[in-house]
Amino acid sequence: MSALFVHDAERARRIGLPEAILCASKTPEQLVLVLERLVATGERALLTRLPPELHAALPEALRRLLDYDPISRTAFLGVADPPAAPARVAVVAAGTGDQRVAEEAVRTLAFHGEAAERHYDVGVAGLWRLLERRERLAAFPVVIACAGMEGALFSVLGGLVPGLVVAVPVSHGYGVAEGGRAALASALSSCAPGVAVVNIDNGFGAACVALRALARGR
Amino acid sequence: MSALFVHDAERARRIGLPEAILCASKTPEQLVLVLERLVATGERALLTRLPPELHAALPEALRRLLDYDPISRTAFLGVADPPAAPARVAVVAAGTGDQRVAEEAVRTLAFHGEAAERHYDVGVAGLWRLLERRERLAAFPVVIACAGMEGALFSVLGGLVPGLVVAVPVSHGYGVAEGGRAALASALSSCAPGVAVVNIDNGFGAACVALRALARGR
Amino acid sequence: MSALFVHDAERARRIGLPEAILCASKTPEQLVLVLERLVATGERALLTRLPPELHAALPEALRRLLDYDPISRTAFLGVADPPAAPARVAVVAAGTGDQRVAEEAVRTLAFHGEAAERHYDVGVAGLWRLLERRERLAAFPVVIACAGMEGALFSVLGGLVPGLVVAVPVSHGYGVAEGGRAALASALSSCAPGVAVVNIDNGFGAACVALRALARGR
Amino acid sequence: MSALFVHDAERARRIGLPEAILCASKTPEQLVLVLERLVATGERALLTRLPPELHAALPEALRRLLDYDPISRTAFLGVADPPAAPARVAVVAAGTGDQRVAEEAVRTLAFHGEAAERHYDVGVAGLWRLLERRERLAAFPVVIACAGMEGALFSVLGGLVPGLVVAVPVSHGYGVAEGGRAALASALSSCAPGVAVVNIDNGFGAACVALRALARGR
Amino acid sequence: MSALFVHDAERARRIGLPEAILCASKTPEQLVLVLERLVATGERALLTRLPPELHAALPEALRRLLDYDPISRTAFLGVADPPAAPARVAVVAAGTGDQRVAEEAVRTLAFHGEAAERHYDVGVAGLWRLLERRERLAAFPVVIACAGMEGALFSVLGGLVPGLVVAVPVSHGYGVAEGGRAALASALSSCAPGVAVVNIDNGFGAACVALRALARGR
Amino acid sequence: MSALFVHDAERARRIGLPEAILCASKTPEQLVLVLERLVATGERALLTRLPPELHAALPEALRRLLDYDPISRTAFLGVADPPAAPARVAVVAAGTGDQRVAEEAVRTLAFHGEAAERHYDVGVAGLWRLLERRERLAAFPVVIACAGMEGALFSVLGGLVPGLVVAVPVSHGYGVAEGGRAALASALSSCAPGVAVVNIDNGFGAACVALRALARGR
Amino acid sequence: MSALFVHDAERARRIGLPEAILCASKTPEQLVLVLERLVATGERALLTRLPPELHAALPEALRRLLDYDPISRTAFLGVADPPAAPARVAVVAAGTGDQRVAEEAVRTLAFHGEAAERHYDVGVAGLWRLLERRERLAAFPVVIACAGMEGALFSVLGGLVPGLVVAVPVSHGYGVAEGGRAALASALSSCAPGVAVVNIDNGFGAACVALRALARGR
Amino acid sequence: MSALFVHDAERARRIGLPEAILCASKTPEQLVLVLERLVATGERALLTRLPPELHAALPEALRRLLDYDPISRTAFLGVADPPAAPARVAVVAAGTGDQRVAEEAVRTLAFHGEAAERHYDVGVAGLWRLLERRERLAAFPVVIACAGMEGALFSVLGGLVPGLVVAVPVSHGYGVAEGGRAALASALSSCAPGVAVVNIDNGFGAACVALRALARGR
């Protein structure tokens, strides 16, 4: 149904990840069609990249079925899985501008019952505050790191914690950092061994990496 | 000691990953210095990107201490950890040209006691053979996929198996695929949710992602 | 008359393809001029990349002569050739976001009397549904495939069907996939032999490739 | 068996294209293995990108089974299909530097029983000579055009002949034309409608496009 | 006074080219300041890249002193030099979308008393019409060619006429042609010897090249 | 508190540079939060990239505490340090379009008590005026140079003055100069030895380089 | 006959430029063929990009017919036109590394009877020496400028002399200047009006621009 | 005399920096010429990028006048200035592969009488060791940092020390880090305010930045 993750119960069963609908490139008409089909079959789904205007353009009846969060631009169709304690994923954001992407990861995890612990405003520019949290962050099996600009956070984190570090380059920045390209290059070239990278701004993808890594369960 | 991962017991303790020495940009003299320091302190280390010429240029005495593999261009200084059964990582290579990178991952895993199951020559061009192995591959918590050219393997695998898929773009190919750039773009843009990406040709890094993800242990 | 395909009866006769007018970079005044000249000489033409605003800015009298489709942003000036049965072209779209480009191909074919069979929402993410249609798709002499993101569809299709596969990279996607660049690279680097590629979003061009390939007739 | 087109009778049957082995990224040992497996099963194969050094490094016994052409760097294992007359493909090369790629296309066609008519040294710089051949070229259902530098040949040809024009950008040239990038951009941006493009230097791929387009037979 | 060509009588005297003011990156306040200074000293100037909105934002009194042309987005402050006959420059535009750039060249020439002969809609797609004009175009000492998309016009013209060919890549086109990059690459890689290139959309610059080349007078 | 330079008294103490808040990627709500926290603790801060709309969206009470300059898009929260005489930094701008970036540098310096002497409209196009000022500019320990287009100013200045030359590429220009890329490449490749470069449009960063270089003080 | 400028008396007559043979991408066998054909018909030709090894590989008999210059890598087949006095072209090179390209221009001019005056080692780094020559350079109708690195020379020259300035970016330099890309961007973005640009290292092309501009004769 | 820094006593006097000769793009003959001219006039000079082969190709008599260092590939012609104590510049290298560039900076400083303190093998991967040295590094007015891969060192250092931080991206690394591009992007996008950047591998340039910044003397 989404441009990419078409309603595909078969696939969901195979890879253990839920229906997700990338809304950005859909017209309101196309999105309504997708949602009505899901509602008709009683399926749950996670909607990503749903801008407020597109959300507002949906019929009232459909909007009422959605749990929408304007910061992460995500919506839940159907209830999220109950969160399991304790949190197994830490989500780190270097700055204010990285939080929308971090929240996309947090919401994706929440939909699948994984609680996340937020560590925001702990970029390399404030190295001391990052170091203070080292021990706490080192306890998580997965740490998702969101950073734009030069993305030095990925390498620093990768050298501090033993868990799986998932780097999400973020598209703020200007000049050579425009569109997140410098942060992406940093993430892929990291001198810290074993940093896993996803596409720019792809908080959803980072959460899916975490879900796959944690699948072997509690 | 490596250009990047200098002899740093502190760091190794923190992130649980071993000493690794990237040999490519070292002169024989520099490499000898690094190795002698390690030998003196009795430390183990994994050497990566050690070309045969550089290996041959090492003093006989040092060479005898190294378990060298010319295909993956890796060497072990000290004995590898004993392999635990059963294998928890599958390493998939699309074609013959991807095997040297796949072997770097296999050897890195082996050094840390993780056995890997090889699935070579199962690219998208031979889709049927890939599908035949779906069930077997779906049983692994981690699947490392190595592919050059257009890297369609990453998306196909990501839609077939529930485990953590680590994509390693490989630098063979020509024209727009030169240097692995097309495969890298494919990996990062994959329509399959939750594909984790490492730098081009970085079999070592992919293995480290696997080691981090598997750290919570047996 | 178009910026590119100026009213050129001579050329049309030579290559057997119709007048086509790329409207995107024209002012309303320029477009009116072009259309009036065609109307005066009684010629048919296909208009592409005609956005609704530009269409709405045309004089009522001209608009009434146009068969306009807002999804593909195409218009017919004059009647389309009657469709010949059965369809010789299949048009495959990976997701909802690819349909506007797919429809440009369908409309271009229709204008020249080639019927097309639509296969939408059959991307690699839903591999099972694609495989189910393999036999049906294999019966077409030409298959036009439209996909954005990583464009894995092109390679999978190229390995499944014997006909001419025309790959149209689509400009949706974000980060490294932005503007369709990743899909274009995938199409050109495909491991499947004999995939023919056209420019990003060029559904019109893909249809013209099909028309040239099918010209030897029924 | 090739890095890409693994020995895969199933696939060959599906898409109607023969075994092809991309030799460039193989070691002599790997190539010998592939060839011996083919010889054992009595299969034919087309070898591409086989440089003279690699050819020379093969055992005498294997070399005797190969029909090797050093200009196109191709070899036939097994006999080519008998050529059908008349030729249905014209292969046009803009200059001397484009001939090695053009020959790869010619040889690929020959292996499958399609004769090709060569039109070399007919680039845009010698426009008059190209125009003189217009009528002759217009008679072919498929015209493969090989050009480096700025690739103006693709657009000029696309406006002159009604057949399927397959553009092969060639990697000679320097400065902004280096590696064939300018020619590739030209091919994809052509103002002539319906030019089909393959990767830089991919004469093999262009021939496969032709074979797919001509498959509906004589 | 322009961001670039500051009011600089000294320089104008040295290189024989007039005051030119690039308006695009100026605020209305900055532009007013520049113009008032020129008016105060009684100097003439050519304004380029003056969008209608910025023109409209100027005070009525200043606007009355300007001879403004909205298509080329140029304005004359002060009277143009009287045109000398016959025209020594031909300005060729491949399509409708190239005309705004071609007109910038025409207006720049006009301001300095050089008449230009327009040859619009004579791109490579309509090769026959271009060839019909060969003799006429061959009579000009300078031919300015404006083309977007793949820019094949530059090479074709360069092989047809003996005069100085100045190539202006134009920023229409999409996909790989976006922003005029493909046309720029074509212009610089042209197989025709001696094509002079200016920046994308730089009709003003092409006219200045012509003025420099023609300076040795009538 | 800024996306990047979070309120971090510790860091400010370490590197001797003040709180700076990059406003561009913040929502009004996020910015208000940051400012209120600073006001509560009585801290001063420099706000950069604060567009008029965002400034206007702040509550009246906060706006009254800010010394806002719409050209440089900077604001002071709290009073600037008193300026020390004489000025130790010259700020050179090639053209009108470079002044907004130059002013960001001037304001950043002013906030920290460094007076700057402006030299605007002295680009290479007006070389004579630049040469006239050589002696005056040569007296400054630091010269900040702002230029877009081809950035020739950096090399010329670097060869004329002995002080530290800080090059700020500016993002005006079009075609190959778009986004400041040509000016950045020029700055980094300068044939004048010892030109220090900062990111495109980063007037703030250039001022910080100056502050670091001048820290050893009066 | 060259890959690009095939033996084409018709074209030479049309554009008034001589036979030129780009040798770089030719095998010795191909080059011999081309030369023998020219010798047989008694035609003159200019050979460019002829490396010493390729020259040495020619048969002695042919070599004796060539006037070869190893620095510019050019050869004359047949005698050059007698040089007309005085020189109408100045060739300026910024540094030692630019001289091989400058010499290609000088030799191309010489072959056609245009004398050139060399001004070497007058880059922007030695601005004073460039200014001293201003008057002399200003007397030439055409000035060819060769520069690598940041190419500031093009803009400085363009602001100093009234003649046609032809910029040849040169491929020395490293980092962002690698391959001449920074110099090319500078040339195209020059703030000096009317700088004509040719491809990187294309001294031959610059000379052809000069020949076209000077064609109207003495 | 060098391609770039021609023997230019005037310039040296103006900017206070010595003769430097970039040797890389010179032939042995050209270099000998340059050196003989310097010897004749008794001038000192710093030679950079002098590979061992080129050094070895110099006449014995000249070689004896040079103080050559093969690691930094620099040579002194004439004696270096006596080093002043204490060192005012710290040179930090992230890894073994960065030392050749760091040494170029150290030697350039030494030639001008500035002692440098080396801090090698202190990259971000060994963050603890970097932090241990913070206080020591914070005492230097200038810190030159050399790093390849992702260049996280620049941001971390920029947040730790108050002095002028000069970032030198180094061209080791592979995949997206190839050629130093990722490190360069990191340096320019640094979240630490006031990091000054020079071209990739430009240790010489970084030292010149330091010399300019320190010129105001002891």
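The letters A, B, C, D, E, F, G and H name the chains in turn, as written, and every chain counts its residues from 1.
Throughout what follows, a residue touches a chain if its C-beta (ideal position, glycine included) is under 8 Å from a C-beta of that chain, and two chains touch if they have at least 3 such contacts.
Just so we're clear, the structure is a prediction, and the values are computed from it rather than from any experiment.
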> Smallest number of touch links from subunit B to reach subunit G?
Replying inline: 2
> How would the subunit B/subunit D interface be labelled, same or different, where same requires over half of its residue numbers to be shared?
Replying inline: different
>> Going by more than half of the contact pairs matching by residue number, which of B-D, A-H or F-H reproduces the interface of A-C?
In response: B-D
>> From the mean C-alpha coordinate of subunit A to that of subunit G, what's the distance rounded to whole Å?
In response: 56
> Between subunit E and subunit H, what is the gap in Å from one C-alpha centre to the other?
Replying inline: 45
>> Nearest whole angstrom, what separates the Cα centre of subunit B from the Cα centre of subunit H?
In response: 35
> In angstrom, rounded to a whole number, how far apart do the mean CA points of subunit A and subunit E lie?
Replying inline: 49
>> Could you pull out the residues of subunit G that touch at least 2 other chains?
In response: 4-5, 11, 94-95, 123, 125-127, 149, 159-160, 175-177, 184, 188-189, 191-192, 199-200
> All pairs of touching chains?
Replying inline: A-B, A-C, A-F, A-H, B-C, B-D, B-H, C-D, C-E, D-E, D-G, E-F, E-G, F-G, F-H, G-H
> In the complex formed with subunit H, which residues of subunit G make contact?
Replying inline: 94-98, 121, 123, 125-129, 148-149, 172, 174-178
>> Show me the residue ranges of subunit C that touch subunit D in the complex, using the header's touch definition.
In response: 4-5, 11, 14-17, 20, 138, 141, 158-166, 184, 188-189, 191-200, 204-205, 207-209, 211-213, 215-216
>> Per the contact definition, I'd like the list of subunit F residues that touch subunit A in the complex.
In response: 1-6, 8, 10-11, 24-26, 30, 34, 169, 171, 179-180, 184, 199-202
> Which subunit A residues qualify as touching subunit H in the complex?
Replying inline: 94-95, 123-127, 131, 149-152, 154-156, 159-160, 173, 175-177, 181-192
